[in-house]
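Each chain gets a letter, A, B, C and D, in the order it is written, and its residues are counted from 1.
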Amino acid sequence: MSSPKLKVAIAGLGRMGSRHALHFHQLTPRAELIAVSSPDPKEIAWAARNLEGVRTYLDYDEMLKAEKDLQAVVVSSATVVHAEQAIKAINLGLHVLCEKPLSTSPEVSQTVVTAYRQSIKKHPSQKVICGFSRRFDASYRDAYSKVKSGMIGRPSVFRSQTCDKLDPSGFFVQYAQFSGGIFVDCSIHDIDLALWFFGEDSIVKSVTAVGITAVSPELRQYNDRDNAVGIVEFYGGKIAQLFCSRMMAAGQEDTTEVTGTEGKLSINAQPQSNLVNIYDSTGIRREIPPHYYGRFRDAFITEANEFTACCLDNTEVPFRLEGAVTAVKVGAALQESLITGKKIEFDEIGRRIQEEQAPKAKL
Amino acid sequence: MSSPKLKVAIAGLGRMGSRHALHFHQLTPRAELIAVSSPDPKEIAWAARNLEGVRTYLDYDEMLKAEKDLQAVVVSSATVVHAEQAIKAINLGLHVLCEKPLSTSPEVSQTVVTAYRQSIKKHPSQKVICGFSRRFDASYRDAYSKVKSGMIGRPSVFRSQTCDKLDPSGFFVQYAQFSGGIFVDCSIHDIDLALWFFGEDSIVKSVTAVGITAVSPELRQYNDRDNAVGIVEFYGGKIAQLFCSRMMAAGQEDTTEVTGTEGKLSINAQPQSNLVNIYDSTGIRREIPPHYYGRFRDAFITEANEFTACCLDNTEVPFRLEGAVTAVKVGAALQESLITGKKIEFDEIGRRIQEEQAPKAKL
Amino acid sequence: MSSPKLKVAIAGLGRMGSRHALHFHQLTPRAELIAVSSPDPKEIAWAARNLEGVRTYLDYDEMLKAEKDLQAVVVSSATVVHAEQAIKAINLGLHVLCEKPLSTSPEVSQTVVTAYRQSIKKHPSQKVICGFSRRFDASYRDAYSKVKSGMIGRPSVFRSQTCDKLDPSGFFVQYAQFSGGIFVDCSIHDIDLALWFFGEDSIVKSVTAVGITAVSPELRQYNDRDNAVGIVEFYGGKIAQLFCSRMMAAGQEDTTEVTGTEGKLSINAQPQSNLVNIYDSTGIRREIPPHYYGRFRDAFITEANEFTACCLDNTEVPFRLEGAVTAVKVGAALQESLITGKKIEFDEIGRRIQEEQAPKAKL
Amino acid sequence: MSSPKLKVAIAGLGRMGSRHALHFHQLTPRAELIAVSSPDPKEIAWAARNLEGVRTYLDYDEMLKAEKDLQAVVVSSATVVHAEQAIKAINLGLHVLCEKPLSTSPEVSQTVVTAYRQSIKKHPSQKVICGFSRRFDASYRDAYSKVKSGMIGRPSVFRSQTCDKLDPSGFFVQYAQFSGGIFVDCSIHDIDLALWFFGEDSIVKSVTAVGITAVSPELRQYNDRDNAVGIVEFYGGKIAQLFCSRMMAAGQEDTTEVTGTEGKLSINAQPQSNLVNIYDSTGIRREIPPHYYGRFRDAFITEANEFTACCLDNTEVPFRLEGAVTAVKVGAALQESLITGKKIEFDEIGRRIQEEQAPKAKL
């Protein structure tokens, strides 16, 4: 195709960054991946082998400086630098697709939105989105359009879980130091979905959470748990029930149900890798994807293509960046509740209601 | 309950006979099991232990003679004596529930019908039915009523399979000597279902079958196979596709599909033992019943109760005995086709169309 | 069968009482239903028509007095008289199967246990159980035995829901006046299951609940809701997530999942009426039972038969009566949390931990 | 990517051709679509709008002549010119991906193979494959690798169906004039799958088929049917059961089952559009793809990418062209049997066994 392509760079080449790189390099016809950055020489070596013709940088700032033609940046580095890198790109007027979460802190997340609000005054066609991949998933989209059509009446009860396969390598324990906790890392997707299905303007009334360490007691040193359940109550008569886990035996189980006054939709209530069923002496079974990427690969590719189209054609982004701050805020509050054991309440304009005598000792 | 109960005897206490005995003894409130017969002393000993208060006989004729109050007989002996025992009871004016098949021979099967047609002149409220248990199954009945309601338009293509779990004990090989072959033993249920769903007055136009011995080559000495597929063509634009097997790994797989001009129904397309799903490192699975009884237990109990009610209340039997002869006729023709490799055709009044020069050698 | 049968009376002939009556009358071979009582003349008239040979009473006490041979009573009257009627029968040394809940009040429920503890000293073979029907369900039992076998490791996270079909008649609103609330009426089953799967000796650490009135705001006058979610936290690292609803569109959805450290079991995650699937222009669908009885009929019949056997043979009851008090206690606490919005905590010996400064106004 | 791309042309821009064009234009990074041809000006106009930078031709020969840099041709024109166009490209030494079937005639299909066998002597790295899209489907591939691994023992009974949604527009009737009949058009995929799963060297022993016109009696004028079932028997104890239909109510139902001596695999036994389930007053349902493209889109894209890689890297093609001739041969024999009502037999080297006295009248 001879049309101009969107010149894209990727920051970070870890688990997700390397996938983004391949998606933009090979599976996004309207994009041209021109550069990648990573502080890790091994990741740079991987890029040299796998991303033919793409320039590599050990330093993100240097990449931004050197790549004069750059139009868009995908931030998929460590969460701790998401906001900083996103803001640098935003301030240059570049389009940004920033991996979730913007930050594990609601306040820091807000700085990304603030930067974007400033920058867009100068660059009115600038696009910045947070990578809530499920928003690009065909099944979630189908469910959303059915809800919008009124098929289930008024959506009222939402249940969603993000449950990872047990990883005996200790990965999740290491990761817990920086992840913001299981509610910020896993459930942020479910929170974002709740906001999507209930309406972005939904106001959280309270959150409560409880958790355990069933397989990884080491998580406690990082104020984290390996299984947790939570309730998010919204003003206007809507409730969300959440479950996150690092302990699934069969594989990734990311299931959502939306119950309305006239019907219900489930998404992935019966996880499966593909359309094969196996009949053997143990019964009839299907395999399920071991990781989130097995479930959401197509969504990530759609994300890459739609982000690209959005930037090139100056069309509206599929969802607003502000939601990413709300999601972090809710996730962080759930994580706090998980650790303190306290229910946290908010007023109708989103301000936290202080408990009169919060028992400090437990915090 | 103080109402008079139907006095019932069971002939034969093998695999199915012993179950019938327990059903009539314990799970059929309006019936009273008063006697059982079996030529096998071990089975009689079983009866003594398990059928409290029930008289036992080593000889069927003796039982008929001694039990003056007897009102109904359930014939569940070896297939080879089904017809003879049924006819004896019929001639005494007793109600009869005869296990399928009436006989492996269509001609002998017909003698049962003939005896009944004679006897009913003298005993106008006499009931004789063949034990097509699936006719009493809640799922098949639901499907049938949906078809009758017009939900799928005109039923046109029928697919059904009766597939047993692999039994490495050699049971099926021994059994093949007397079973009439896999199409008479297994597929007779599917043939009966086809007649039910297409209409009892459906006329078979042709049958063809092909089979293999994948696990039990010894079956060939009895002109049988362990896996076979067949096609039954009906006049009026209806076709049935059959599969029978002795080799299933997971358990009993008895599945039926009825495709109509405006919809389709499947029955047991996803076999299951119960509502439990197991998630482990191999995926998500459900267990399935190992044998037909696990799938059809409730149907057998319904059969016992409805047969009893029918006899006591002199209400119409749920299906006519003549169909049992047609089913054997079709099953035997399929079995012949399986062995000869020849398609067998019938004219519109059910007479076999002779091939002009049937290659005798192959028969 | 000539063995002596258990002489049973039923108290209450409402929705569930009439079913118990039929189960004991027709489907429990070792029981003989001899009497029923109901203050409602219409129910007595129903009994006269449907329970041939069974004596009827408008007054429960009179029945107890008159039926000298009575051995067992099934209490299935209005919840408000469960405890009183059960205790009267207990004090007479009769076996009792009391419908759930013993009472909507934990304290009153405890009086039943206390009465039984007293009575059993004089009547050591007396049996008293609470009618937790799911304990008799084949799928739950299969799941339980799999958990016991260690199949899923240590059960850690439990999710269960009891969700009724939307009933536009207003039944649930009327019913709410006496039901104890949705957590006591519906979720009591799920709580009992949690205690079963986690172990009867599990100690509740906290409960929290949130609810809405999505379709029946009138419920608020009775301090009830039509949809609610709750969390029950147990000492020892176990959590239960509950959902109850009166608003399901498709039918009864009673689903349970038990996640362990090495696997997971789901029970009824894909509700279905039977094994039929319907293919039409809207897709492929299965129907689901409209009410709990469609799902649990077999369990109720098993309950009747096993209770009978237990009484006749003086064998151990399948679960202890004390659990019924714990279940009510947890259900009532969840209901309180639902209304007050407060998390309720318990110490390790089950005593409620008082909040230091509970904001009285909200209670 | 700066590596040289495979220069591809598409012949035919109908239903499938236009999709191939888009797949190669946008979703095959290593290919460059440089030209398309179609005798239909409307299709050429479509190409001008949708295939930016791609040259268009009303004449296939002219395209071949003009496009000097062309390396590969995708033949997706009307079936009647498949072979001719494929051979022209083959004779120029071009790589060819020819849509199925090569021809509706086994003899004509063979000419393509013969041309390739000749040409490859001069162009040893030339690739020619037939577009059996299911060979590229992730689920079929997973099933195949499981069979290869021995998971189900020796595959013995194969059941497969290609069932199209009812199309009331009359499309299928028009199409029947040139399609070669339902067994050549639809079942050819199932036949190819049987050959794949049983082994490409499997020898057909006999075919039999029966069919009806349940909704489109007009098909009879073209010797076609709207529903048909067939049996393909292979030497060595293997059988395939086929069903093809133009009458499905719910959508495309392409289901396959492979039963082996130690297990079974099903592929798409429960068709679905995506992972959404809808709960409403009619039950629980999932939607299913209306057409084959909804089911196999990803497989077509994989096909485009793998064909491209194969040509560029001179790696082995995933399956041999000869199988496409066998598939047409079997499909055409089934279609003949469907019309004549005769079973057709073959000897062990694939030659048809003549019936001694074929009743000419019926042919």
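Simple rule for what comes next: a residue touches a chain if its C-beta (ideal position, glycine included) is under 8 Å from a C-beta of that chain, and two chains touch if they have at least 3 such contacts.
This one's a predicted model, so the numbers in the text were calculated from it and none came from an experiment.
*Asks:* Does C-D or A-C have more contacting C-beta pairs?
*Replies:* So, comparing the two chain pairs, more contacts are at A-C.
*Asks:* Would you mind checking which chain's C-alpha centre is most distant from the centre of chain B?
*Replies:* In terms of C-alpha centroids, the chain at the greatest distance from chain B is A.
*Asks:* Take the average of all CA coordinates in chain A, do the same for chain C, and state the distance between these two points in whole angstrom.
*Replies:* Those two chain centres are 41 Å apart.
*Asks:* Averaging only over C-alpha atoms, locate the centres of chain C and chain D and give their separation in whole Å.
*Replies:* Computed value for the inter-centroid distance: 57 Å.
*Asks:* Would you pick out the residues of chain D that each touch at least 2 other chains?
*Replies:* 152, 248-250, 262-264, 269-270, 273, 278-281
*Asks:* Under the definition above, what is the set of chain D residues touching chain B in their complex?
*Replies:* Against chain B, the touching part of chain D is residues 152, 154, 156-157, 159, 206, 208, 210-215, 227, 229-231, 233, 237-239, 241, 243, 245, 247-250, 259, 261-264, 269-270, 341-343, 345, 356-357, 359.
*Asks:* Taking the complex as given, what residues does chain C use to touch chain D?
*Replies:* 248-251, 253, 270-273, 278-288
*Asks:* Using the touch rule from the top, collect the residues of chain C that touch chain B in their complex.
*Replies:* It is residues 1-3, 25-27, 29, 52-53, 138-139, 142-143, 146, 151-152, 262-270, 273-281 of chain C that touch chain B.
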